[in-house]
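Structure, as structure tokens:
Labels run A, B, C, D, E and F following the written order; every chain starts at residue 1.
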Amino acid sequence: MDTPAPDLGPAAKAAVLSDALHYMRRYAGRTVVVKYGGHAMGGSDTFARDVVQLQQVGIDPIVVHGGGPQIGRMLKRLGIESRFVDGLRVTDAATMEVVEMVLAGTINKQLVAAINAEGGCAIGVTGKDGRLIEAQKVVRKPDLGFVGEPKTVNAALLDGFKKSAMIPVIAPIGVGALGETYNINADTVAGAVAAAIKAARLLLLTDVAGVLDDNKKLVPEIDAAEARRMIAAGTISGGMIPKVETCLEAVDGGVEAAVIVDGRVRHAILLELFTEGAGTLIRAG
Amino acid sequence: MDTPAPDLGPAAKAAVLSDALHYMRRYAGRTVVVKYGGHAMGGSDTFARDVVQLQQVGIDPIVVHGGGPQIGRMLKRLGIESRFVDGLRVTDAATMEVVEMVLAGTINKQLVAAINAEGGCAIGVTGKDGRLIEAQKVVRKPDLGFVGEPKTVNAALLDGFKKSAMIPVIAPIGVGALGETYNINADTVAGAVAAAIKAARLLLLTDVAGVLDDNKKLVPEIDAAEARRMIAAGTISGGMIPKVETCLEAVDGGVEAAVIVDGRVRHAILLELFTEGAGTLIRAG
Amino acid sequence: MDTPAPDLGPAAKAAVLSDALHYMRRYAGRTVVVKYGGHAMGGSDTFARDVVQLQQVGIDPIVVHGGGPQIGRMLKRLGIESRFVDGLRVTDAATMEVVEMVLAGTINKQLVAAINAEGGCAIGVTGKDGRLIEAQKVVRKPDLGFVGEPKTVNAALLDGFKKSAMIPVIAPIGVGALGETYNINADTVAGAVAAAIKAARLLLLTDVAGVLDDNKKLVPEIDAAEARRMIAAGTISGGMIPKVETCLEAVDGGVEAAVIVDGRVRHAILLELFTEGAGTLIRAG
Amino acid sequence: MDTPAPDLGPAAKAAVLSDALHYMRRYAGRTVVVKYGGHAMGGSDTFARDVVQLQQVGIDPIVVHGGGPQIGRMLKRLGIESRFVDGLRVTDAATMEVVEMVLAGTINKQLVAAINAEGGCAIGVTGKDGRLIEAQKVVRKPDLGFVGEPKTVNAALLDGFKKSAMIPVIAPIGVGALGETYNINADTVAGAVAAAIKAARLLLLTDVAGVLDDNKKLVPEIDAAEARRMIAAGTISGGMIPKVETCLEAVDGGVEAAVIVDGRVRHAILLELFTEGAGTLIRAG
Amino acid sequence: MDTPAPDLGPAAKAAVLSDALHYMRRYAGRTVVVKYGGHAMGGSDTFARDVVQLQQVGIDPIVVHGGGPQIGRMLKRLGIESRFVDGLRVTDAATMEVVEMVLAGTINKQLVAAINAEGGCAIGVTGKDGRLIEAQKVVRKPDLGFVGEPKTVNAALLDGFKKSAMIPVIAPIGVGALGETYNINADTVAGAVAAAIKAARLLLLTDVAGVLDDNKKLVPEIDAAEARRMIAAGTISGGMIPKVETCLEAVDGGVEAAVIVDGRVRHAILLELFTEGAGTLIRAG
Amino acid sequence: MDTPAPDLGPAAKAAVLSDALHYMRRYAGRTVVVKYGGHAMGGSDTFARDVVQLQQVGIDPIVVHGGGPQIGRMLKRLGIESRFVDGLRVTDAATMEVVEMVLAGTINKQLVAAINAEGGCAIGVTGKDGRLIEAQKVVRKPDLGFVGEPKTVNAALLDGFKKSAMIPVIAPIGVGALGETYNINADTVAGAVAAAIKAARLLLLTDVAGVLDDNKKLVPEIDAAEARRMIAAGTISGGMIPKVETCLEAVDGGVEAAVIVDGRVRHAILLELFTEGAGTLIRAG
């Protein structure tokens, strides 16, 4: 376990503990969906341990992961050219095969192994397993190929994992009505999963601090209406827009709150859930 | 909830949290018996809240209380003379009636009300309720009257409370084979209860820091053999001897560990259970 | 067990038995609330055994007790003056402390011990335990101090006791919204408890035969409308009025029937429940 | 329900009730096997109601019936000659067919209908249903044809009926290893069923008072050794011998006690079980 | 087990198997009611084994049987004259006694024994057992005596048998409101039972191939409207009319489909359920 | 569903059905492990449907797959050279990464999707998920790199899948004590899984008919001793030796029987389980 900071007196520790117990009670028996991002992944972080500890205090975690950089590297090795439209990868059949292979066969299993090494019981799945995510093609011009979006999430399957105390680790791949394979944005999958099970929290781990206001100060909490205003006003811009929109869809879909969290901070998940919070929390409203 | 110390950074909090989760897992689903002492009681302390929070994270608390000072005051008001032999109150029938009345009718209900005000579901009992504690007379010269010691503890009853998520608050009174009422030392009752249910921990909340070594420094942890040596050597002396002996009987009886904790510290129970510890822990050995 | 009357032939016994089984079936699995009065209490009566036998044939008893005389004696010993308004004890803080101490610490535990000596598993509680009875102040002129009336009864708690086959023995004390303690009339508590759980029967054990008609003959059964007429006509008068009103509130609140029974008769509870009845039964109507 | 004897005072009734509750507790959740004899059957008796009332207070009844007289009448109508050896009917194939038809098709269904008319849920069966009684031929000279004795009783089947609150009514017919049908003595079947399920009581309802001593006085209770002495001494003789032997086999087989009861007395079953007894009780010893 | 036809190649077998599994899935956990007719009964047929095998693959069978010829023979032996009106037996009290005796005491037990010899756990019942079939008199001129029709079927009882994995074998006898016994047509009982439990299938085993069209060719499947047209047109005539009407009532009552099957074919039940069908299936429509 | 062979008469079908039901009963509620081989895979076969149908009749399938040819192709595309020693692929770190990616990310998901398209609920896993297969290095000269063998199989995990009616589809990859990834022979994994759960059957689907005797005739069944004699005598030789040895280890480990089946035959699994068999069955002995 971590070495506690040596200079913390009992009074300070006691205050942290008492608050943490208060928050834990709120989440007991509920589910938290965590998107573990491509960029936030890797190295010596505390992500896997945090996930296992959540479960140990009675909160059920579900993990969704991305994998952009690794996919790009494998495509390159295989001599398959990558093309992007508005930040979305154009996914032809040959690309799709590689995307699935890398996400389901490499990254998913690394994450599963890391969580299990901490004492968890993670099961890695894609949207094909148990038809977890039925998807449909994203229709737009120019055509993106096998890029999809979730149509239905099999909540009963997730409930089966929960009953057996298994931690689902989900690669963002969906299956179409005719059996075709779709590449889906990982944030979108995390949001759809969270909405399908009315999760207590959706946590999007990223590599920024959260939503910033016009003075570049972190905004700790906003409601949906305010978030929409900030997008309209341009305060929220660039890559933050789709993240916030995923959060808005989740809270519209019944998730209690969605949080954009800085995944680079050690124990980011614990800090968000068991203290007065970290990052930017978005509520319905 | 407590105001967290304002100057604690996220890294420090995160370290405390991660450690606490590690400890919580160890106690999940298990029972902790807490003796809440006459002298440690009262005022604005955090005892009741701590007890409720234990239960909220899946640990089942059982509380045993004393009541020396209040008994003395009521005896005085009623003009009944108190006599002590070796620190034990000589308890004739008239005294016994007052002891029971004050413990079961006044102190027990105060503690119950305090715990319930924090959101718990405490049920105050004595050894008569459900024949929880069958007792026998302590036989010694000079005779002490209705001073008893536990013979059997009705563990099934405590299990019934646990199943209904009720927190038992026990006044240290036993019932004899012929229905007679006995006054029992509260530490002894706590130890017997802890042994009967093979508790994970017995916490004796007192008004000292714990066991001190020859240099008056707090001893964080000792095994039973070492504790016996320290008594023989006189390092442990005076009122600390019966406390340590209660701990030794508990660990001999199957309790995982017994701890003498300073009840004057805020959130003493949380600090003991969810950090590297407080007070002096005594293990079998 | 009782010595059966030696001159009863098999035919007479058989008739009693067959009828009794018929009645038992009606109450199987249901709950009967018994108010055991201050005056009816004590001595060599069969109350405790009857309560245990009810449970043994599948009927769940709940006992509510009073304690007027004993409270008066203790107040006198402590030099606290008793004042009554319309038969209600004016209860200042000092008096309240004594009332609680005697009811919860002395009488309640005597009754618990008596029931357990017959093989039951009684648990003595007040309205504070598990917040069983939340109370509010009785507002009237002149002010009565801490005299209260039940506002809510925690039926889930009573259900928890039932599931663990524990017999609740309730002292008539309530807890206010701010944690203050209230002295409540025991009949009133019994009625409120019976209504909260829709009991099959509320039995008020008293020291009279029941309701008498104008010719001083016992009335075996009346409906609510008739009872109200008898109060208006003055046939029911004096101390019988509040008892009948408690019965009326209980049947209005969903209790199947309430009965004023002569607690001085041996096995009064069994006679009331398992023969064509004893005392005066009051039904809705 | 029965009209209670009008001259019974409350004290007498109360004594009967208190005793009855005491006995009921002893049998709660247990099974009582009742042999309802050919001669004791019929008319306006209270047998069916008693059986239903047993179940209503938590005792599980199993009924075994005979049918000698009715079988004889049908054989006569069909012109089939009856032959007896030592009181046992010689049973050829044609006779067996009639025995089964009358027992299973007529008497069994009459008894089932009578019990159900009192509110029970009786299911009439023979040893063929669910292979309840596997039988073997009684081998003796002269040959008795299809006269059998129980080899195994399917206790799991009876347990299935108990779980569905069905009252089994058993016609004394067994099935052989090759599917052949056997005529078995009803007392013998009752004894074997009682032993197979370790019944609390086996009641043989007959048309005599019970076992008489040398002075023709009823013997209320004997142990097995004494019963064997009384047979050897000739005090027990004639048709009482096989009845007592059935009782001895039952108590040897694990039945708590077997009782020969006078079935002509109204509510004989209730009197035997819920008072100090009727008839002659035989215990192991 | 049957000797498989030696000349079937693996491909043919595999096709039969795959289809059968497909059909089995449709019936898994559901109930099939089979009327086993008087004329279809007896000899070396495969009926009992088929019934047991249904249960072994998770389908719950209920059997209803008739018994016309055997009843006629016994009436003749007893010198009771048989009278018929429109094919219905006029049933006076003496006749009713014989009908019940033969159906419940002889035929029912033969069928039970046959099923149990194949490893089943059959329980033979009539409408009296557990008040399975409450009946009312069929009122018509001339009067038919104790000829009845089902008024209510005790579906809860059948559910109790199902939970204990018992196979009910039902003799077509009903009980009236006053306890009187009624003779009911076995097809009618089967239809009423199937409707009461919303069976997946009602199979009427007969000694004809099924419904024939105007060219005397077997009609494999019709809906209710078409069946009614064929009756009106005279294509369905004679003894086939009541059979088809029983089927129509069953499907109107909620049975998925009713089938008239040729019971003379070996394994007729298996062929009907687990291949593309046999006989004539009638659906709602 | 398959078109049934048109020339099969009802008698032939009935015989196949009756036999099949007999076999189904033997396997009800039990587990069958099927190794679906690299060469047997693909095309329009009936494998996925057979697996789903097994589950639908109450048998729990577990699938283990290989993937030799596809791995070879991907290695070639990536320019990684394949080296074999005694038919075993030398697996360095770069190769291991590709093996895992292809097995877990491509083939596993194809098989999962095929089973789910037939209505099943397949979950694809490797030995890393839930630490299903803990492995150790195969130590031999020359060194094979990351080639492993199963050390422990997590049977509790498989039980969890079974309870949720999920069909595990296992890629033959193990995880070492230090988290390293191992490539394991798929037959070996299937055998170890079957032994860990005491499967009813291990089916190795191959592209040969089974074990042939000296006259090249298929041997339908042998015991373990005979199998060992045939290996020693050279009758079993070449690639058949490791297959038979896997079978022998499985039956030694508690599997009821292991069968080498020709996976090229349509519905091979159904034929093996539900007829008198196909391929070569090996029993303990």
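The definition used in the following text is that contacts are C-beta pairs under 8 Å (C-beta built on N, C-alpha and C of every residue); 3 or more make two chains touch, one makes a residue touch a chain.
Small disclaimer: the values here were computed from a predicted structure and weren't measured.
The fewest steps needed to get from chain D to chain F, moving only between touching chains, is 2. Comparing the centres of all chains, each the average of its CA atoms, the largest separation from chain A belongs to D. For the two copies, chain A and chain C, the CA superposition rotation is 120 degrees, given to the nearest 5. Over half of the residue-numbered contact pairs of B-C are shared by just one pair in E-F, A-B or D-E, which is D-E.
Separating the CA-averaged centres of chain C and chain E is a span of 60 Å. Chain C and chain D have CA centres that are 45 Å apart. Our note on geometry: chain C versus chain F, Cα centroid distance of 72 Å, whole angstroms.
If you average the CA atoms of chain A and of chain F, the two centres end up 36 Å from each other. Residue positions of chain C in touch with at least two other chains are not found. If the chains shown are joined wherever they touch, the resulting network closes on itself as one ring, and no chain has more or fewer than two partners.
By the touch criterion stated above, chain B contacts chain C in their complex at residues 77-78, 97, 100-106, 108-109, 112-113, 116-117, 121-126, 128-131, 157, 160-161, 163-164, 166, 173, 175, 179, 181. The touching residues of chain C, counted against chain D in their complex, run 1-5, 8, 10-22, 24-25, 28, 46, 49-50, 53, 56-58, 265-267, 270-271, 274-276, 278.
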